[in-house]
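What follows is a group of structures, each given as structure tokens.
Two complexes are shown next, each including chain A; its partner changes from chain B in the first to chain C in the second.
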Partner chain A sequence: MDADDLRIIVCEEILNIAPEAELDGLDPQEDLRDALDLDSMDMLNIITALHERLGVDIPEANAGEFVTLRGAVEFLKSELA
Partner chain B sequence: MTIFTMPSLGSDMEEGTLVEWLVAKGDRVSRGDIVAVVETEKGAIEIEIFDEGEIKEFLISPGVTVPVGAPMAEILRSGDEESAVSDASTKELPSRTEPTAPASQTTAWTPPAASSTRPRISPAARRLASQRGIDIATLKGSGPQATIVADDIPVTSVGPETKRGGLDLGDMRKAIAAAMARSKREIPHYYLQHTIDVTEANVWLEETNTGRSPSARLLAAVLYIKAVSNALSKYTEFNGHYVRDEFEASQGIHIGFAVSLRGGGLVAPGIHDTPNLTVDELMEKLKDMVARARRGRLRSSEFSDPTITVSSLGERGVESLFGVIYPPQVALVGFGKVLERPAVIEGEILIRSELTITLSADHRVSDGHRGALFLTEIEKQLQQPSQL
Partner chain C sequence: MNAQEGAVGAMERIAKKIAPHSLSPNLKDYDKESRAFSWEGARGQLDGLPDGSLNIAYEAVDRHLLKGRADKVAIRWLSKSGSRKDITYGQLAEDTDRFARLLTNLGLNPGDRVFSMLGRVPELYIAALGTLKAGMVFSPLFSAFGPEPVKTRLIIGEAACLITSAPLYRRKIASIRNELPKLEHVLIIDPGEDELPEGLHGLPALLSQTEADFQTVATDPEDMALLHFTSGTTGTPKGAVHVHAAVIAHHVTGQYALDLHEDDIYWCTADPGWVTGMSYGIIAPLTNATTMIVNEAEFDVDQWYDVLEKERVSVWYTAPTAIRMLMKAGKERLEGRDLSHLRFMSSVGEPLNPEAVVWSDEAFGMPFHDNWWQTETGGIMIANYASMDVKPGSMGKPLPGIEAAIVDNRNGNVTVLEEPNEIGELALRTGWPSIMRAYLNNPEKFEKCFVGEWYLTGDLAVQDEDGYFWFVGRADDVIKSAGHLIGPFEVESSLIEHPGVAEAGVIGIPDERMGEVVKAYVTLNSGFQWSEELRKELIGFARKRLGPAVAPREIEVRNTLPKTRSGKIMRRLLKARELGLPEGDISTLESDES
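On to the complex of A and B.
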């Protein structure tokens, strides 16, 4: 799975949690919580969904990497490599 | 016989529109069953029943708007059953007990025309159709039993801007305006703020979450709710309702939790019987409730229940919030943003995690002195997170 596939998967899971989120033109380095008005409950739900979908272990200590789209994709890519 | 009426889901609700019946004529219902979906200014709400018996007759059809207290259905109570015994046996065993009863007798038990012609539709599809302004009657379902599923909803380029997930944000704004204007007109608020150390709570939370799969992790909000709940058992004058010029302390503690909706709007549904839930159970309830709040699918009891409100605006970046009490409640506890600060502890300067807790309370019911003790009790509770 390359970075593009992972980016699509992460975006899909964001949209499942926040269907009204506008992902076009989202800066991959921007904090998702600010850009999309997500709270800690949303972030936990997104991480839960990605963990279940990809079978990747996402320790609590790494949860912070998921606050940006780039951070999430990079973490998942290195775990799946 | 008893009459099921349009429930009041808060002092600001005047009427509701029946969206659909979730039971059919002849169905047995018991306390707590969800029987209907009603559209209100706060979105579509699942209505629970508080009687036990059998649905005898629907008195209104989907699409009809009625005021609070108006009859919606007739319920045959369990005690009434003797008078209906022939009806009941006919339904279950038409050929044996009543050989002359035509087979069509059973068709009398199907829902009225209005609902039987209503297409089956999944909640996600209903939401999409509503977002995109599509009449579901015009759609064909591709799911099981011709259920309309999300894929069946055509993509439209323009949809009503404010309509979202069964929530009309314009209506919701009006409902908030009415409740908050009443609060500020009638309730003499007083406000207290207290800075507390939550280092222990944060460390406990991190340790607890480490090694747990994401679905089992806890959020700080659960500890806040639990701490308030525990403190309320001692400070009962903050837990209840002010009705007919007097305060009625509530027997149960049902904490309302403010949930902001993306794009605007706010609801504060209640978590029933908070003291009896473990932090894990509370987390499950909270997750489910927040998800339903944002989908616009809360339950009637979640609106009528809350005996106090907890608001945690902190993660959105403010240090403290001074809430407006949601009538007829008499208090609101706010949690601010967690900040790392230098603190002097036993003559040493240490970096600690701190946040402010605030209390907005009704001065007709309590005084600042008790309010201060209540806040310090919440502080105390949060120093022993494993005991929550």
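On to the complex of A and C.
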């Protein structure tokens, strides 16, 4: 799976939790919580959904990397490599 | 009725052994201190202004300058990007003087309402204290609220001025601005290069033209100072009015329940958008002359442990949701860290489960001390103290000066239940300085909170044979998520604005981290079919209006909802069925759900 596939998957899971999120024009380096108005419960739900979908363990120690779209994609890519 | 077997005191009590080298607790002997306490004596710890005047901001800031603390750090701000900024008491006095002068120059008058909608940035703290100096009323809003809750609160509070940031304005205020005719001034803390739309002022430019010469307004102790919104089961949110005299309670409860000493480095993780973040995230730490940490970032396990370690935090006040997330992350994450300066840990927001208390004792070598209070009480009412044994799961004992009781409340007749372990409503005898003085423009709801000399809290609780209080549940349908009250009516009202939704019933369902999360049941208007798309559309619709903190996380459809004869949706029944609990008295049920 390449970065584009993973980006699509992450965006889909964001939209499952926050269907109102406007992902067009999202800066991949911006904190998702600020850009999309997500709270910590949303972030946990997104991480759980990605874990279930991709089988990747995302320890809470790495939750910090998930605050940007780019960080999330890169983490998943390295785990799946 | 007796408390369920095992609910009270299932876990072994945690005995206190105060190490000989450690700082002596402010409250050394609970019984002795409670007997000796008087509110007049507590008032004497503050300086006051001439002729019996009292101003929260003077007690929090200016008086320290007369005691040689001008160079002491009042606020240590940790930005999201990892930078650090110290604000001394002297600097804070100057900044808040300038802000007060600015408000006055804008033509605002004492008593006017100044709102904030900000993250945890220095401007928020300066605005809060500057507003109080100017004799105006400060009302902080939580920045995760969506436009609807914000609008409702600005209207009820009759906001004359709002301080916010450019992104928050764009996302949450711009769309509602023309519905707020009383809002005269909007101050933007980060206006950027572009020209601001009409009616907005860039705060930095205004401040640069303003002198820091201001004489703190000599407010009467009974003058309105703070407006905090809280949610009930029905109707719009209520604006609880607090007065300057509340500072007496903030100050002394900070000493008793948080054990604040002058040399403490204190970290309250609560956002000032909620009452905890104001009473104990601004006022009490400053009146007690501590150095307080403000952490802009949201919760993150390692970042939080970094703050505790690197900033040498000695007193820490946080919330059960965060503690449970730390617990889930595991004790290992504390390995190799030096937290030797940490002396006292406290928790508020909802009952801290006994497992978390026991875990904290193992992980940190000291337990979290749970305490209990409400927006309406203005300050901590019941607490576990540094010098008192902790019974894991109990909220502790009433503060000195506070009389709490378990009462049977039936149609306005209140009887105190004298037997231990009987479930009843938690009530407090009125007369402490930080009790709310009104719900703004809502005298009926205000009066309903009081019977005789008792303030009725709406919480069900028991008191055990040793005098410890234990939370049992809410007496109403209010939802408690991440320690914050959410009124089901506010959520339902928003959902039925969607053209597809005919009716909505909203309840809280248990969640291991958040306490409760919001769940909605809806019925659809004809022409609408339930589908995954519609479910998501409704979730997005509600989130956009209410914000993530208030909007439902789950929505289910029903053909009809259970209702009483008068047409009220029986949320209690929805909840009992969701959780598989007994349905209780359903004699008022007229039409059942299907």
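Here is the rule we go by: the second predicted complex is superposed on the first by the 81 of 81 C-alpha atoms of A that agree within 3 Å, B and C clash if a C-alpha of one lies under 4 Å from a C-alpha of the other, contacts with A are read in each partner's own complex, and residues count from 1 in each chain.
Here is the rule we go by: a residue touches a chain if its C-beta (ideal position, glycine included) is under 8 Å from a C-beta of that chain, and two chains touch if they have at least 3 such contacts.
Owing to the predicted nature of the structure, the values given are computational and were not obtained by experimental measurement.
Novice: Taking the superposition as given, does A:29 touch the first partner, chain B, the second, chain C, both, or neither?
Specialist: So A:29 meets neither chain B nor chain C here.
Novice: With both complexes superposed on chain A, which partner does A:48 reach: first (chain B), second (chain C), both or neither?
Specialist: The answer is first: A:48 touches chain B but not chain C.
Novice: Between chain B (first) and chain C (second), which does A:39 come into contact with in this model arrangement: first, second, both, or neither?
Specialist: After superposing on A, A:39 lies in contact with both chain B and chain C.
Novice: Considering only the touch criterion stated at the top, classify A:20 as touching first (chain B), second (chain C), both, or neither.
Specialist: Touch partners of A:20: chain B and chain C.
Novice: Could you tell me if A:78 is touching chain B, chain C, both of them or neither one (first, second, both, neither)?
Specialist: In the superposed model, A:78 contacts neither chain B nor chain C.
Novice: What is the contact status of A:64 with respect to chain B (first) and chain C (second): first, second, both, or neither?
Specialist: Once the two structures are laid over each other on A, A:64 reaches chain C alone.
Novice: On chain A, which stretch or stretches are contacted by chain B in one complex as well as by chain C in the other?
Specialist: On chain A, the overlap between the chain B and chain C contacts is residues 18-21, 33, 37, 39-41, 44-45, 60-61, 63.
Novice: Can you list the residues on chain A that touch chain B in the complex?
Specialist: Spelled out, the residues of chain A in touch with chain B are 18-21, 33, 36-37, 39-41, 44-45, 47-48, 51-52, 58-61, 63.
Novice: In the complex of these two chains, what residues of chain A are touching chain C?
Specialist: Contacts found on chain A: 15-16, 18-21, 31, 33-34, 37-42, 44-45, 60-61, 63-64.
Novice: Mind pulling up the chain B residues that touch chain A in the complex?
Specialist: So the residues of chain B in touch with chain A come to 127, 131, 164-165, 206, 209-210, 212-215, 217, 219-221, 260, 262-263, 286-287, 290-291, 315-316.
Novice: Within their complex, state which residues of chain C touch chain A.
Specialist: 80, 144, 146, 167, 171, 298-303, 325, 328-329, 333, 482, 513-514, 517, 536-537, 539-541, 543-544, 547-549, 553
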